[in-house]
Structures are given as structure tokens and as C-alpha cells.
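Here is the structure we will look at, set down as C-alpha cells.
Order of writing sets the labels: A, B, C and D. Residues in every chain begin at 1.
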Amino acid sequence: MSTQRVHLSIESKLDHVSLIGVLVRALATQLGYGNMDSFQIELAVVEAVNNSIEHSYLGEPNKKVDVSLAIGEGNFVLTIADDGIPMPSKVLAESDESASSDDFPEGGRGLDIIRQVMDSVTYERGSRNSLHLIKRLPSH
Amino acid sequence: MSTQRVHLSIESKLDHVSLIGVLVRALATQLGYGNMDSFQIELAVVEAVNNSIEHSYLGEPNKKVDVSLAIGEGNFVLTIADDGIPMPSKVLAESDESASSDDFPEGGRGLDIIRQVMDSVTYERGSRNSLHLIKRLPSH
Amino acid sequence: MKTETNRVGQTTVIKLLERRLGADKAGEFKAEIGKYVEAGETKIVLDLAELSFMDSSGLGALVSVLKMIGKRGDLTIAGTQATVQTLFRLTRMDKVFRSFPTVSEAVQALTPQDTLKG
Amino acid sequence: MKTETNRVGQTTVIKLLERRLGADKAGEFKAEIGKYVEAGETKIVLDLAELSFMDSSGLGALVSVLKMIGKRGDLTIAGTQATVQTLFRLTRMDKVFRSFPTVSEAVQALTPQDTLKG
């Protein structure tokens, strides 16, 4: 079976993000992931899309966030792409421990979650910004 | 609540169509449609995407089929769009009764299914071909 | 195309071990089931219990298998989920394919005493 | 933001009647629950049984409510689905928010005798 691919996209408004979440979680379940993994995959993609909207586009609507899904070679690969301000290079590398002097910050947890639930997380700056998330497919 | 929108797209290969089907059915279920309706909505969108690939693009790969989903104002609106050969104008209007002299044809049932399961079916030729399918959202 | 085949008397019971039968798999399905018809099996039960989705192309493949069998035998269907069964109803193919809840009923429908009724 | 509120002794039990608490709803949630804190309610149980999804922004809203309450009272959580509970674990917020399977346990945890233990 060759790699199967589908592309999702939404306008950069937080209102639309839940649709991406619902779709990705349902696909994960269909791919054989358990409830827990499917939830965590939804969580990771929602965090990434929220970041594109809030940080790359600074909340500006009418921009486009793309989520490409590829299933093949034992991996579920999710790529979240935008055309906004790239993530600063050190942000992805550092753990959230150092992120805030506040004991209980209200934000700053998204990337840490993504790193924890995914098997691989890479980021590409270029003509577009692309965050690549990889999760091993469940074994049959 | 304003209209929520998400766009899906695949390359024009039959291999990818099931992903669209799975995603749309899962979303339908989440929107509150019963099992039967969710299956039939999946069926309609899969028939429409298959038609774009097989008839509009004549099976040529590397083309794009778009499926836009909009939820709002009491309707679930699915738009299937391609840039291939448009559907002949009379095809959508006629019922499949007249379609074949063969009692048990192997094809020719897709559009009739779509018409039966959807509340509204319209087709637009233009710079692109767009098939608009509307299903009333389930009442709460 | 994953299948599991059993013989019950004169009948070949083919269980489809797939969740989907769409346009991408219709050709493969036709070829796979066609092999049995070519090998002389003309009483076939298709167990579709695993299927959660079938489209008109999948149904077209079933029609083509039925035509291959022709007057030499028959094909019945077992175990379709209620959702998949609506595809038969929407296309009026429920008048053409006899469908039964269980494999044993579908086998029963192909045994000689039944041909009197059928 | 749909909620349903009950009073049990000194405790306000707020049941969230939403399936998702994401970035799009976090502000609304904070405002809605914040109203109770501003009105002087400082023992709050949040019943999250209906939630099938929450993200870090939803969690941030919970943190902000907890901060509003501050030293004047406490907030406990009831009924989280196992999936949603992992969000607390992944962010180590399970050390900050006490979470209980049922509303009555969450209420119990806020009653005076318990403050000795807590």
C-alpha cells in the first residue's frame, strides 16, 4: 500500500480549529490508535494550529493554515504549515521548564505537549513554516 | 455561532478517496447525525469524488479534488470541486432509470445515490466545476 | 484484498476481511471472487459482515460477479451492516441480491430444497 | 458557554455542558467561571464529565480561575474522562488541580474536615 495523503486547511480563526481536531482524532481512531493516543494526536495538532493562528499570524484572520496528513511506511505524519512569522529558532528546542518565572503560567505549554506526545517533531522555515509531527502507526 | 469551515483536498487518485470518506463520516457523526445518515453522507461525498477522478480527470493523477465542508445556518454543505471536464448538463437532471438498456449495469448509480441521500444537489460549471451537496443538520 | 474461504456442502462461503469496498478496490475484488467462479464454483455466499463502507463501484463489482455466475448458480449475501444494506436499497439492488443476517441462512438459501421456492 | 450550577453546602458545583474547551472558548470560560469567584464563591467544583477535549488554552483558563480564587478558597475537578486527564498529567497540572472521579468526592475534598489533611 502506497502512502495515502489528504490535505486539510482552515482560515486562521480559532473558531475553525475544532473541525481540524475532530477530523484528525477520528482518522487516528480509524487508523487503529487507541482512545488515548487519538486524543493526544488531536491535542498535538490543535496546539500546533493554535500556535500558527496566535503566534505566526498574530490573530489576523483570512490567512490560511494547512494540515497535511500522510499515512504510510509505518508512520502517521502531520504537517502544520503557515505563511506567517516563523517560530524563533530556540523556542522549539527548549523545554518549558525555563519558559516562565511564574509557577503557574496560563500559557506556554503547547510545544511541550507536542514534544511529549509525538515520536518526532521538526520545524522548517522557508517560503513557508512547516511543523512536521510523526507518530508511529499502531502495530496490528 | 458563525459558520465553521474546513477544506479537504486530495490528489486525483482513487487510493486517497477513502480518507475523505472516513473524515466526512466522522465529522457527520460528531455533528449529531445518526449512523445511517453519516454513512449516506460519506457515500454521497465518495461518489462525487470518484466521479471527479474518473470522469472529470479521466483517471489522470496529479490533479486536485477539493472537498469543502461548511456547517452553519442549519445546514451541512459539502462542495466537491475539480478543474477537469465538466459534467454534461443533462446528466445531473435525469434519473438513472433511463441510463442504461442493461438490466443490471455495473455502473451509473452514483449520481442517483447522491440525489437520494442529499436534501439539495446543485452543480456549477465555471472556472471550476463545483457540486454542492446540502444536508439539513440534525435537530437537537 | 483479504478473504477467508470455507466450503459448506456445495457452497463456497467467502468472507471479505476488509472494512471498505470502494472504487479503489472494486477491480481487485472482482478478480478475486471471479477466480472462484472461473474455477467452477457457482454457489457463493459473500460474507460482508466486516464491511463498514461500500460505494456504487463496489456494488458494481458484485453485479459483475453475479453476471459471471449467470444461470449456472447463484450468489447470496450475508451479514451486511444496516448502513451498507441501505446502499442495496438506494440502488434497488436489494431486489437482485438476496441478503441474510447470517451465513447459515445465506447458505440455506442456496441449497437445493430452496430452489423450489426461489 | 453552557453550564449548570448547583450549591452543595458551602460549595458551588459548576457542570460544564460543553464537549470541547479549546482556545476559541477559553476566554468565555474564564469569564463565566470568574463571575462566581467575583460573586464571592471560593469553593468551586468543576464537573468536566461532558468534556471530550481540552487543550492547553482551556487548561490556562482553569489556571487563571484558580489564581483568581487564590488563598481564599479552592477549586477541585470532577469527572474528567481519562483522555482529558492526560492533559493534566502531560503538563504536570495534576499536581496543582485535585481531580476526582465523582462530584461528591470533589465536594468532600473541599469540606472543612478535609482542609486539615490537605
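Convention: a contact is a pair of C-beta atoms (placed from the backbone, for glycine too) under 8 Å apart; a residue touches a chain by one contact, two chains touch by 3 or more.
Fair warning: this is a prediction, and the values are worked out from it, not measured in the lab.
**Q** Between chain A and chain B, how many steps is the shortest route if every step has to go to a touching chain?
**A** Minimal hop count between chain A and chain B: 1.
**Q** Trace the shortest sequence of touching chains from chain A to chain C and report its length in steps.
**A** Tracing touching chains, the least step count from chain A to chain C comes to 2.
**Q** Could you work out how far the Cα centre of chain B sits from that of chain D, in whole Å?
**A** 43
**Q** So the centre of each chain is just the mean of its C-alpha atoms; given that, what is the distance between chain C and chain D in Å?
**A** Comparing mean C-alpha positions, chain D is 54 Å from chain C.
**Q** Taking each chain's centre as the mean of its CA atoms, how far is chain A from chain D in angstrom?
**A** Taking the average C-alpha coordinate of chain A and of chain D, the gap between them is 26 Å.
**Q** Quick one: which residues in chain C touch 2 or more of the other chains?
**A** None at all.
**Q** Which parts of chain A, given as residue numbers and ranges, touch two or more other chains?
**A** Residues 15, 18, 25.
**Q** Following the definition at the start, I'd like every touching pair of chains, please.
**A** Here the touching chain pairs work out to A-B, A-D, B-C.
**Q** What residues on chain B touch chain A, complex-wise?
**A** 2, 4-11, 15-16, 18-20, 22-23, 25-27, 29-30, 69, 71
**Q** Chain C touches which residues of chain B in the complex?
**A** Result: residues 14-15, 17-18, 21, 25, 35-36, 39-40, 42-43, 46-47, 50, 53-54, 104-107, 109-110, 112-113, 116-117 of chain B touch chain C.
**Q** Considering the complex alone, what residue numbers of chain C touch chain B?
**A** Those residues of chain C that touch chain B are 20, 22-24, 53, 55-57, 59-61, 63-64, 66-67, 82-84, 86-87, 90-91, 96.
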